[in-house]
Structures are given as C-alpha cells and as structure tokens.
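For reference, chains read A, B, C and D in written order, and residue numbers begin at 1 within each chain.
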Amino acid sequence: MLLQSLRKRVCAANKSLATHGLVKFTWGNVSAIDRERDLIVIKPSGVSYDELTPENMVITDSNGMVVEGELNPSSDLNTHVQLYKYFKDIGGVVHTHSTEAVGWAQAGRDIPFYGTTHADYFRGSIPSARSLSISEVNGEYETQTGKVIVETFEHLDIDPNAVPGVTVRSHGPFTWGKTPEEAVYHSVVLEEVAKMARLTEQNNPRIVCADKFLLDKHYLRKHGANAYYGQNN
Amino acid sequence: MLLQSLRKRVCAANKSLATHGLVKFTWGNVSAIDRERDLIVIKPSGVSYDELTPENMVITDSNGMVVEGELNPSSDLNTHVQLYKYFKDIGGVVHTHSTEAVGWAQAGRDIPFYGTTHADYFRGSIPSARSLSISEVNGEYETQTGKVIVETFEHLDIDPNAVPGVTVRSHGPFTWGKTPEEAVYHSVVLEEVAKMARLTEQNNPRIVCADKFLLDKHYLRKHGANAYYGQNN
Amino acid sequence: MLLQSLRKRVCAANKSLATHGLVKFTWGNVSAIDRERDLIVIKPSGVSYDELTPENMVITDSNGMVVEGELNPSSDLNTHVQLYKYFKDIGGVVHTHSTEAVGWAQAGRDIPFYGTTHADYFRGSIPSARSLSISEVNGEYETQTGKVIVETFEHLDIDPNAVPGVTVRSHGPFTWGKTPEEAVYHSVVLEEVAKMARLTEQNNPRIVCADKFLLDKHYLRKHGANAYYGQNN
Amino acid sequence: MLLQSLRKRVCAANKSLATHGLVKFTWGNVSAIDRERDLIVIKPSGVSYDELTPENMVITDSNGMVVEGELNPSSDLNTHVQLYKYFKDIGGVVHTHSTEAVGWAQAGRDIPFYGTTHADYFRGSIPSARSLSISEVNGEYETQTGKVIVETFEHLDIDPNAVPGVTVRSHGPFTWGKTPEEAVYHSVVLEEVAKMARLTEQNNPRIVCADKFLLDKHYLRKHGANAYYGQNN
C-alpha cells in the first residue's frame, strides 16, 4: 500500500476537522501531496469522519486520476489538484463549510485585516474569489473552482504562502499549508478571524483595516528568518 | 407489538435531535410512516428524550387515530398526518424549535438561497408559510398548520422532495425526507443554513440570492440520476 | 436539620443552572419557599455550584432572617423575599446573569412575543422592569429590586403566574414557578426566547409581535383546564 | 528550582484559559510576579496548554531577563513586565485573543458599562488603548504595548485596581489581578461582558451607559471595606 505514513496523517487531519468544530456530517475534506512521487492522498467522498481509516484514503496522481483505493475520492478533488498545480510550495489542502467563513463566502466580501489574530497567519485580507460563470459551473466545475482561486491570487498578486486561504463566492473556504496539519490549522484560524471580523463590524460599522505595519510586524514575528515566536528559533 | 423495527428507528431519530443540539427539554418530535400498512410511529407527547424507548412510541393510523400505545402522541401529530397525506413520497417528518430556524420563522421570511451548503439539500429558498387565521388557530390547529404548509408548496409550485423543509410563521421549522433519519438530517441542514444566511446578511446587507445554475449544479451533484457525490453511484 | 427534602431540591436546582449553561462562576441563585412553615431555602452567597450540598443551603424566615445555616445567604435574598411576599402562588425563584437575557435587561426593552416557543410558557411579552432610583439603589437595594419587579406586574396588570419572569433594567433576569424546578425551567425558556427574539429582529427589523390568538392557543395548549400537551391530562 | 509553588499556580492558570474557552492553540498567556524576590513566572512561547508543566514555566527578573528555564518565554513577556512595573498592586497578568473581547479591541471602542455583571468586577467602562505608531511597532513592540496600556490608565485617570483590564487596539484583551487566578477570572468576565454589551447594542442601538450609582453600588457590594457578597466578611 502506497504512502502509509501520509495516509495516516491525512486520515488524522480529516478527523481533526470534526474535533475543531469545522464540519457537520461529511462536509469537509483534507488532502496532502507527496511532491517527490507526485501523488495525492485525499478523503473518500461522503464517508463520515468516524469511519475514516488510513486504509480507506484514496491515492491519485497529480492530475486527480485514482491510483489506489476502492472508494470514490472527495468530489472536490479537482479543486485540490489545481491548487497543488499552481501553488508549488504547498503540501496540504483543506475545504470545509465552516459557518463563519461561509458567512463571508456567501457575502462575497474579502475578510478584512482587522487585527493581530489575523496577521499572525494571514499577511493581508483574505480574498473572496469571484462567482463562477454558467459555463464554468456546467463544465468541469471543481477544476474551474480551483482555477478561479488561482486566478484570484494571480490577478491580485497575492503570495499564497503568505495568505494561505480564500473563500469561494457562494460556497465556502479553502485553506492550504506546507503540510496537511498546517492547512487544518489555517482553517481554524480563518474561521475564528471570520467571526472576529463580523463582531468587529457589528461593534463599529465604520471600522477600517488595521495598519499595514502592524500586519507586517505580527506576521513576521511568527514567520521568516527573523521570527521570534515559539521555540524553533 | 406493531412495527418493531420502525419503532426503534423513530426512537433513535428522536434521541438524535438532542445529540444534534436541535432541541431543549421535549421541544421536538420525529415520526415515520409505513406506507404499506398505513401506520405512523411518533414520539409520545412531553416525554424527555432520555426516557424514550421503542416500546413507548405511539402508533396511529394515517388519520392520526391511536392504534397502539398507552401514552398520548405528540401534540403536533396532526400536522405530521397532513404532510404524509399530501407529500406522497415522504417517509419521515421532524418538527423542532431549533434556534436559528425559529429566528427565520418568527421573522416571516423565506431563508434565501445564498450558497452551496443550502443547495446541496434544498433546491431553492426555504419557504416561510403564512400565519394561520384566528379560525384556523382556534379550530383544528395542528391539522390547519399542516394544511398551510401544503398550501405553501402548492401555491408556489415547489416540489417538497426537492425542498424538504419549511418554517411556519411565528412557530418553527418542519422538515421531511424519505426516511425519519433523512428528515432529521434535513433539520440539521436547515438550522445550519439558517445561521449561515443570517451571518451572510450581516456581513453584506445588500446580498442577493446566488445563481440558479449554481443551485442546480450542487443539488444535482448529490441527487438524481447523474449524482456523483458519495459512494452509491 | 430543617426541610431536608427541600434542601436537596434547592441544592440540585442550583447545580442545574450550571448544567443548563445559565451561569458562570457563582452568578446565579435558586430558592424555594415552604408556604406552610413560612421558611425559605436559598443558596449560600459566593459558593461555587460544585461545593453546594443540601447541608450548606441557608434557611431563612419569610422576612429573610436566617433561621438555620452557617453561611451567608445569597446577597439577592431580599429580592426573593419580596417576590414570595407578593406573588402568592409561587414556590421557587431563580436569578441569573444568563447572556441573552442580560442583553435585553441591559437594552431596557421587553422581550417581545414573537412566537410559540415564547407562548408555550409566557402568556405575553416578558417585561423589562424600570431602573432603580439613586435612593432605591443606595437604600435597601435588593428589597427595592423586588419591589420594582412587583410594581411592574401590578402597574401593567400582568399575572405573574402567566408571565413567570422579568428582566431588571441594567441587571438581569428573574424567573419563578410553582416549584424551584419549574423556576429553573422558566429561566432556560427565557434565555432561549431572548436569543430567538434577537435573531428575529436581526432577520427582519420591521417585525411586530405575533397574533394574540396564537399566544393564547399555545399557552392554553400547555396550561389550564383544557391543556392537551403531555401526559397529565 | 525557584518558586515551586508559584510555578504550579501559573501552570494551572494557563491551562485554565483553555478550560474557560478563552484560547485556541497557544493564543494566550498568564504570568505572576513574586514581589518580594522580584521574579516573574510566565508561560513558555508557543507551547500548547496540554504540554505545560510547572517545570517548563520560565522565570525572569522584573526586567524580563530569563533567570531560569530552557524555553523561550512568551513573546508578550515585555508587555507583562511593563504592567508589573507601573501597576504596583497586581500579582498576575493575562493576555488572550478571546473572540468577543477581540471584537471590541478591533472595533477600537471602550466596552461600555451597561449593567451589573460588568460593575461587579470593573468599576467603569473597559478602555480601548490607542493604536501603536509605526515607530512603536517597529521598535520594542511588546514593551511599547505595555506602555500604551499604562498611558491609557494614567491619561484617563483610571485606577487599574478598580478596572482590571483593557483591550489593545487591533489586538486583544489584557487583564490583571492580585493573583494569577484573579487575573484569569477577570479575563472570563471581560469576555462575557464584551458579549453582553454587543447584544445590548443589537437589541437597542440607542442605549447609553447605566447609572453611575448602580455601578458603584454593585462594585462596592463585592469590593472594599463594606462588601457584603460572599463569605469573607
């Protein structure tokens, strides 16, 4: 059986979506990519988190063709495929329908940078990707969803490593990271800052984004060569 | 004892309302119908979910007359009866006072279709049934509640199989499904999309419904001949 | 030791405030009255729910003078005393700082009757008692708080048995019932309908109260000679 | 090993942040000061609450220089240092990113005094400290954060013993107390009154602060020579 260690991690990462309160029923999926072998490990479609095992994860190639596994892969697989194709540094992708993030996805607005909780993980507002056209929806829908995400980051010149998440219009959030675990972490952060941003606007409807230098300070306190948060530096 | 297997399922479905956080005290009920024998199994009135057993479920005929059981059936029985009478394909009905759904029922507004979480299970906005008149309330209240729900779907030409739920004005949600388990599932979805819709409007008061083609795409990804979500196709 | 059975019930009712999520730390208290012996059993002040035992409940006479008990009674005792004095049919009183109810108490607005969840237990909007004057606050504050509640019901001619709760301006909710258990039940209902009312207004800022005949129907479905909800009739 | 008893208490206080639902991941820290020995005990940076032990707490002097401990101290240490330096009566400090408090910090508004839950622990509105300038952020950021907090209390002539908390603009809450346990208690209160204030304004957008005499009454019912809440007087 291929990728035994990565299967375990992807299985555990999927289960952690439930633990973190990000999903109901089967409404979320985590994948990871092995860049050397060009293989993706992803949750099977419609299977509850309780029933997930490392063995029932699905392995595909980097185009989304199933290589190993008896179950259908997540129906969102082809969105993950696009993200791995264009965001070269990422190793894990998460999609959920977490409530507060969907509240922004459906509103069609970027999640504004209002403070340091946000800045610690997202170096800028979290973009809202545009609606898909009728031909995109009726064509290769999941692939087009991935392409619209990539387009958003390219058109706005956002570094996907510095802003590791997006909300897709009328749909929900996608996040990513160097590992599947980090991608899940970013989903938790996105959900929390989505709620904080909503409360902030409720408490002060005239609020504007926080200062750019505060954003940079907090982001760089945790990331990059001069980071000094935690124990690894 | 009649319908031993269905008693078990209805009992478990009622208990699951509490597990899903949809009810306080005794504020919700699940029933199922056996279409061949024309018998309904329903929760007894005012009994807490802890105390429910397959044996204390109440069996009625399809007009709501008790056939077996020592306890009074749910006071909402006659609403269930109407739904089974007019919605011929359904096998289970749920009524709760879940918080977010009541927030729309009391507001007297349809829950607008704002995104794919909604579209995966409800092919269109979830209608708000009109207020009952004084004579309807003071007459056969629970039967009239069912009639008003049916009227809503008929007048608006909504297929109850494609939109398996409603909120009754100044009251709360009813959902249904092919089975009692599916009816409960739809109650969970309705509560969640009710919350998402509230947050969406809070984040963007000028938002309008999502595209019809996205609604169809997501609904048909999960339902019908060309569904490709999950493992059963 | 006096009132052993009632001590147990009041102790359990106090602990249930925590189970129902109505209190943090020591922020709530339950009492009961034995009308025959004219004795009140109440939580000791500032003691956490974990540490409550039937033995450390405090017994006072109907004027609030301690009869038995080594600990100080709840600082809100004299409010309870007033309620027992003027609301002759009640047997238990609860005070909490539950979040949604405080959101209305601090807003200084009645909780409007918007639907049947409310009507099942409160036959009308839940009144907001007026602010206390400086002399009332600086005098016998807790006694005056009780007097203002009673004044509210008398001036508005509300039957405290039909509307078993109130919010005190800039403070929080008080509820009561025939028993301490019922008083707790009413606190849970008040908190829930407070939240539902907030969501209702958020979803429809122009909403008005529901129909009076619906209020009566639902209230009388559960209370009085013609009640038909539950198993006791 | 220095300060064995205080290490235990600080460790337990940090873990209690998670129990109280105030933190996700590693997003909060508690410290305490031993005023006689002039030593601070603080959480290590980026370590999860599960992994905290009395032994891995970090000891610094009152200028924030590490005296004992192999791990890096919390990155917010220098903010704590400033608070201990200027608020002479305090023995513990807490910083979190709790959701509702951040909703006010990011809104840049004081949390208004709307009722008695607030007044029981904070004798006045909870101030919002100003944004840091670019030179403050890019200089000794954490030290400057502490200085801005102190400046806020000095300029507004607020007694930090009577108002034991603040929100820092675009960041989050800091609270303090005579002990680390009391500082945590104040963080729980601040989070709760932050939510209550939000709901209050939602229910009544025209609400103003409650009466000053009510504030004083409730604060002094619990604090000072004439306090009569609880068992210690």
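FYI, a contact is a pair of C-beta atoms (placed from the backbone, for glycine too) under 8 Å apart; a residue touches a chain by one contact, two chains touch by 3 or more.
The UniProt protein names, listed by chain, are A, B, C, D = L-ribulose-5-phosphate 4-epimerase.
Please read all numbers here as calculations on a predicted model, not as lab measurements.
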- Query: Where subunit A and subunit D touch, do the two copies share over half of their residue numbers, giving same, or under half, giving different?
  - Reply: different
- Query: In terms of CA centroid distance, which chain is the most far removed from subunit C?
  - Reply: A
- Distance in whole angstrom between the CA centres of subunit B and subunit D is 46
- Task: Find the geometric centre of each of subunit A and subunit B from their Cα atoms only, then give the gap between the two centres in Å, rounded to an integer.
- Result: 33
- What positions in subunit D touch 2 or more of the other chains? 202
- Task: Enumerate the contact residues on subunit B facing subunit A in the complex.
- Result: 114-117, 185, 188, 192, 195-197, 199-204, 207, 210-211, 213-214, 217, 221, 228-232
- Note on the structure: subunit A contacts subunit B in the complex at 24-25, 27, 44-47, 71-72, 75, 97, 99-100, 102-109, 131-132, 134, 137-138, 141, 170-172, 198, 201-202
